[in-house]
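In the part that follows, the structures are each spelled out as structure tokens.
Here subunit A shows up in two complexes: once beside subunit B, once beside subunit C.
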Partner chain A sequence: MAEFQNFTLNFGPQHPAAHGVLRLVLEMEGEVIKHADPHIGLLHRATEKLAENKPYNHSIGYMDRLDYVSMMCNEHGYVLAIEKLLGLEPPLRAQYIRVMFDEMTRILNHLLWLGAHGLDIGAMTVFLYCFREREVLMDCYEAVSGARMHATYYRPGGVARDLPDSMPQYQPSPYRSDSELRRMNEAREGSLLDFVEHFTDYFPGCIDEYETLLTDNRIWKQRTVGIAEVSPERAVALGFTGPMLRGSGVEWDLRRKQPYEVYDRLDFQIPVGVNGDCYDRYLVRIEEMRQSVAIMRQCVDWLRDNPGPVQADAPKVVPPKREVMKHDMEAMIHHFKLFTEGYSVPEGEAYAAVEAPKGEFGVYLVSDGANKPYRVKIRAPGFAHLAAMNEMVQGHMLADVVAVIGTQDIVFGEIDR
Partner chain B sequence: MSEHMAKLAEALQSRFSDAVVSHAPATGEVTMEAPVAQYRDVARVLRDDPGFAFAQLSDLCGVDYLAYGDAEWTTEDSTELGYSRGVEYYQGEDDPERDSPQRFAVVCHLLSLEHNRRLRLRVYAEQTQFPVVPSVVDIWPAANWFEREAFDLFGIHFEGHPDLRRILTDYGFIGHPFRKDFPLSGHVEVRFDPDRGRVVYQPVTIEPRVTVPKVIRAARGQTPSEPQEAGRDG
Partner chain C sequence: MMAWLETTWLTVWGVLPPEVQYTVWTLTKILAIVLPLMLAVAYFTYAERRVIGYMQGRRGPNRVGWYGLLQPIADALKLMFKEVVLPSNANRFLFLTAPMLSLAPALAAWAVIPFNDGMLLADVNAAVLYLLAMTSITVYGVIIAGWASNSKYAFLGAMRASAQMVSYELAMGFALVGVLMAAGSMNLNTIVQAQSGGMFYWFALPLLPLFVVYFISGVAETNRAPFDVAEGESEIVAGFHVEYGGMAFALFFLAEYANMILISALAATFFLGGWLSPFEGIGVFGVGESLLAEPGLHWFVLKTFIFMFIYLWLRATFPRYRYDQIMRLGWKVFIPVTLVWIGVLAVMIVGDIGPWFGGGA
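Our next item is the complex of A and B:
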């Protein structure tokens, strides 16, 4: 009988299932993985160093580009850290808007995760379904900020502007009939809130569709049940957060445990898994989408009834309105100083964390009293998850690596920063 | 919540007499600065003592305090000299404080799921030429990659780390890019050399520049929304 030696296999960085630029060096024994060594940093852009060389507000846009499938949640973490140091609280309406968009972002993220995860382990159709709904949510992003992905919408002291009263509509085109056009524009007649409400009405039905495709699917279960089990104690020790931690049965959600913004006023449930395998993490994320829809609906109802300001009354931080600048010298000066120099943040340090779709997204900010942060450290949830890659795939087959990358919901924008 | 944290600060101070514990009521955060010699003992107690039970290490990062509090543009000088806003790019290489002690620190953010509270633990590396801090990988396994990152970006050596390699920078990278004396534009750039038919490294050809100078205005403990009094910091 022939002797086989262990061999090493290069997985990525150019591999469709590597979710970007992951290079995995796998030490294999036959088809069983003995050791996995992820090489990261191929997307390293030194976001933190760039942020240290710019006034505070200039870096909000960089945050979108960290985890580029949950854009506004990243902004939220950064903005919260600044607000914590400034001692600034945004108006209630801005807090509801932020929560609504955070939950929208969670659905956006989970849809991409579900589509990509499904595609990776052989379920083609669900990808197309997921991207159909993502498009609708991206339209909401665009309506409110002008950008489909990198919104730069949250600002210290509130959000950039109030929700629009109208939605952009599809234009007539030789490629679609009038009836088709009417059908497409049906939900877009009203305001953004009407559009979001319409989405919350039909989206639970879409989740049912995804579940029909996957939850009891024999192939799906063979690929995920019992794969990469993590015990609750180990998950905590490895620094897991978000669905990765809840999938192992630890009931820990910052929205509930350390509520920020208005999460303590909203009614929602925290799903947890039992076995801590890929299948449980899948179920947790599916249920999170349902809870997110419920939260969005509550926000829509509140926002409809409560108009008001969306930026704090803090002229040293929040730029003045254009019409005020026309007659108020003081506002003119504030505008000039804010846009040439920025605002100075009191000396100190703060760590602010939000429950991003992938887990705890934290920003550690050190200020020496200047108009630029002295040190920014971004605590990306995926970084801790990928660090546990080796432990999760050891003893599994090569094909399960793809399932583990999928279940970890890896996005390199945040891991490499 | 603030009372809860104040109690934690008290408990920490009485348990670790050599450490400096501070509680910032404005942010509701507790920071503990421990001597580097006791770092591992402190970490172990923080994890295992049921009164603290910091089971999770959320984050670990390096901080370089070289340029802390150095403004690039001061109002008074600049007003006397005229209206030019041009400033010199911060030349970290010439900073006389480069080798001063207490330049590098390691900051851990700990989370206790049981008590639902966070703690910031800071240790300063003793030397600056060759900063060394003991590793806490065996206490919190999550520290593994975070320490590799701090080593890569700041050159802080973690004694006892099982696998201290670079993690984020390129293969064969020279220097520690997040140190304050490392220029933002770096030292080398790459381009394709058609003559040699491959990618080559060369010294950077761009001039470092400052678009918005660093200005220190906010005085200690003051929020900018409050009216500012005379006698500012800078």
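Our next item is the complex of A and C:
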């Protein structure tokens, strides 16, 4: 008798669909997957360890780089944990700003997810459409923080600065005509809030555009319906969160179940899937984008009517205003202390979680009373999802592995940390 | 001066033995087909990038030359001067034979395409069979490339490509059976002539299901989106030609695009009346008597362009099929459809159903 051996395929880390540095060792029988073994660690940057060696505020920027497509949500989790330990509550306006940017981040993430998922399955055009709209949101990030992606905008006690009153404009260039320039600058005449409002007006139309290309497309449905079905029980048992869990029909959303910031004042709905397959998860995420637009719109309306401070009145944690420093010795001392040694956090431990676009992003902080955390543990949603890879792809074909990687919305920044 | 040149030329030409004359004349004709074809391939890649770019809201190549028109030349030069890397475990002979094996039939098939009435290299009576043979040989290039590379991705790609091409060959063959039943000939020139009489006499109408099946099978046959599983970028990286670079890769590339143009030209020939004018014999506004009704090369080129554009349009619109779904579509949908329609066609021919099959029989 001849001995038959399964075929082992190294999928990644250098692979167009590896979403960065995923390495999958696939054991296959022809095209059918018998076993998938995900390998992690190729993007390990020791974020948790680095955070132990620097003052609390210095690590905010590292959080952006965890899940590098949902930047501000990661900051949010970290900042919330610090605030919990400090017992600090940011002013209402700051909370609204955070929620607005969280939802903006959700759209940013889902747009990249949709584009990449589409591209993995072969729908090239959706990818470029998504990036067109991402550009606008990146401009919002830039207007508010100066950086298009890694914003470092949230601070314990609020946000770094208030929303700008004007948007940067496109400049004349030999490559675009005057009328085109006028058209591009049309939405940028007013403040950031006007710009965001304009976005919320036209973006649902863009979502319709993506849906035209995909939702009823027979090929898209053949590729996603019934692929990688996860039952609600298994989804909970595997530690799924976010759209992965809701796609399976479990109605769990931290924004609703454990409201933080001002989510309890906002009107929005939680989409839930039925079959728990790739197609349902796709529909859930598409609907989440629509809900995010609605939340952003409510935030814009509130923020427009309610000016006020965006940082808590906590001199030990929040830097003083420049003008106050000119005549107030106390403020000067606070400024110096804050920017040299940072602030000390009372002894204790805290876990704070936000509903990041990919699921529950949590930060567990242990403080020994010093100005640096004793231990930071990050709970990345993608880690639990990736761990279920084997279960999800078993018995499917090679092309479905790509669809599953897409539907899990894997970003290695947060998995390897 | 001109007259002198002409007489000298004719004298020199006349001195040559007829065999040499024949060879030189045939080689000239081959060049007259292959050079424009290569140029068309080069600018088809440019058109692809511009058209898909436009569909995706971006610009495409617009820096090299006017509107990026020199981009294909630049690409070709780059590929020509690149080293052809031989993987250390590859079979050297097969590895280098494969690209040639895939390009040669793609070019050879052009021998029987009638560009205009009687304007073709080889007036073969079994042209349809010749075409089927030539397009089938392409699959060897793909299998050998995948096998010789000694890479798992290339191997998977070759497996997929060969299974897919063989399956769709059948659907395509059946669709062509319909055409040759309708035309009563396997000679392409005769097939086109059988469609004369204006656009309502073209085979696209009576053979509509076969027409659709033929073109979709053609897309699958050339491994293009949405049937591009053989080189499915996001699954098996580049499929059978992962290990190829430089000119060896360029040959595969040329073969793929030459095949796309070939399928487009064939679809125009078989179903849209080749070089015939669509306005022939149409009485409205005297169009039927005007210059528009003249048959000619331009109609053939125009019709081919339409199909080439559809290729690009498909690529920009659709996600990729999964390998088993492609097979299901080929075997369970297309082949039954063609078989049924061949039956319908037989009834139409026997029953002299006009305007296509009446009168003559």
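List of remarks:
As a working rule, the second predicted complex is superposed on the first by the 413 of 417 C-alpha atoms of A that agree within 3 Å, B and C clash if a C-alpha of one lies under 4 Å from a C-alpha of the other, contacts with A are read in each partner's own complex, and residues count from 1 in each chain.
Here, a residue touches a chain if its C-beta (ideal position, glycine included) is under 8 Å from a C-beta of that chain, and two chains touch if they have at least 3 such contacts.
These numbers come from a predicted model, not from an experiment.
With the C-alpha superposition on subunit A as described, subunit C and subunit B fit side by side in the combined arrangement. Contacts of A:R132 after superposition on the shared chain: subunit C is touched, whereas subunit B is not.
By the touch criterion stated above, A:A46 is placed in contact with subunit B alone, subunit C being left untouched.
With both structures placed on the common chain, the touch criterion links A:W302 to neither subunit B nor subunit C. After overlaying the two complexes on the shared chain, residue contacts for A:G348 are found with subunit B alone; subunit C is out of touch.
When the two complexes are overlaid on their common chain A, residue A:D120 makes contact with subunit C while staying clear of subunit B.
The superposition places the C-alpha centres of subunit B and subunit C at an angle of 130 degrees about the C-alpha centre of subunit A, rounded in steps of 10.
When both complexes are overlaid on chain A, the residue A:Y68 reaches neither subunit B nor subunit C. When the two structures are aligned on their common chain, the gap between the nearest CA atoms of subunit B and subunit C comes to 19 Å. By the touch criterion stated above, subunit A contacts subunit B in their complex at residues 40-41, 44, 46, 48-50, 53-55, 58, 84-88, 236-239, 241, 250, 252, 257-258, 314-317, 340-351, 353, 360, 362, 364, 366-372, 374-375, 377, 379, 383-384, 386-387, 416-417. By the touch rule above, subunit B contacts subunit A in their complex via residues 24, 26-27, 29, 31, 55-59, 61, 63-64, 67-69, 71, 107, 109, 113, 116, 118, 120, 140-142, 144-146, 149, 166-170, 177-178, 184, 211-212, 214-225, 233-234.
Interface residues of subunit C, counted against subunit A in their complex, comprise 52, 55-58, 152-153, 156, 225-226, 228-229, 232-237, 315-325. Subunit A contributes residues 7, 9-10, 15-17, 31, 118-125, 128-129, 132, 213-214, 217, 219-220, 222-223, 397-402 to its touches with subunit C in the complex.
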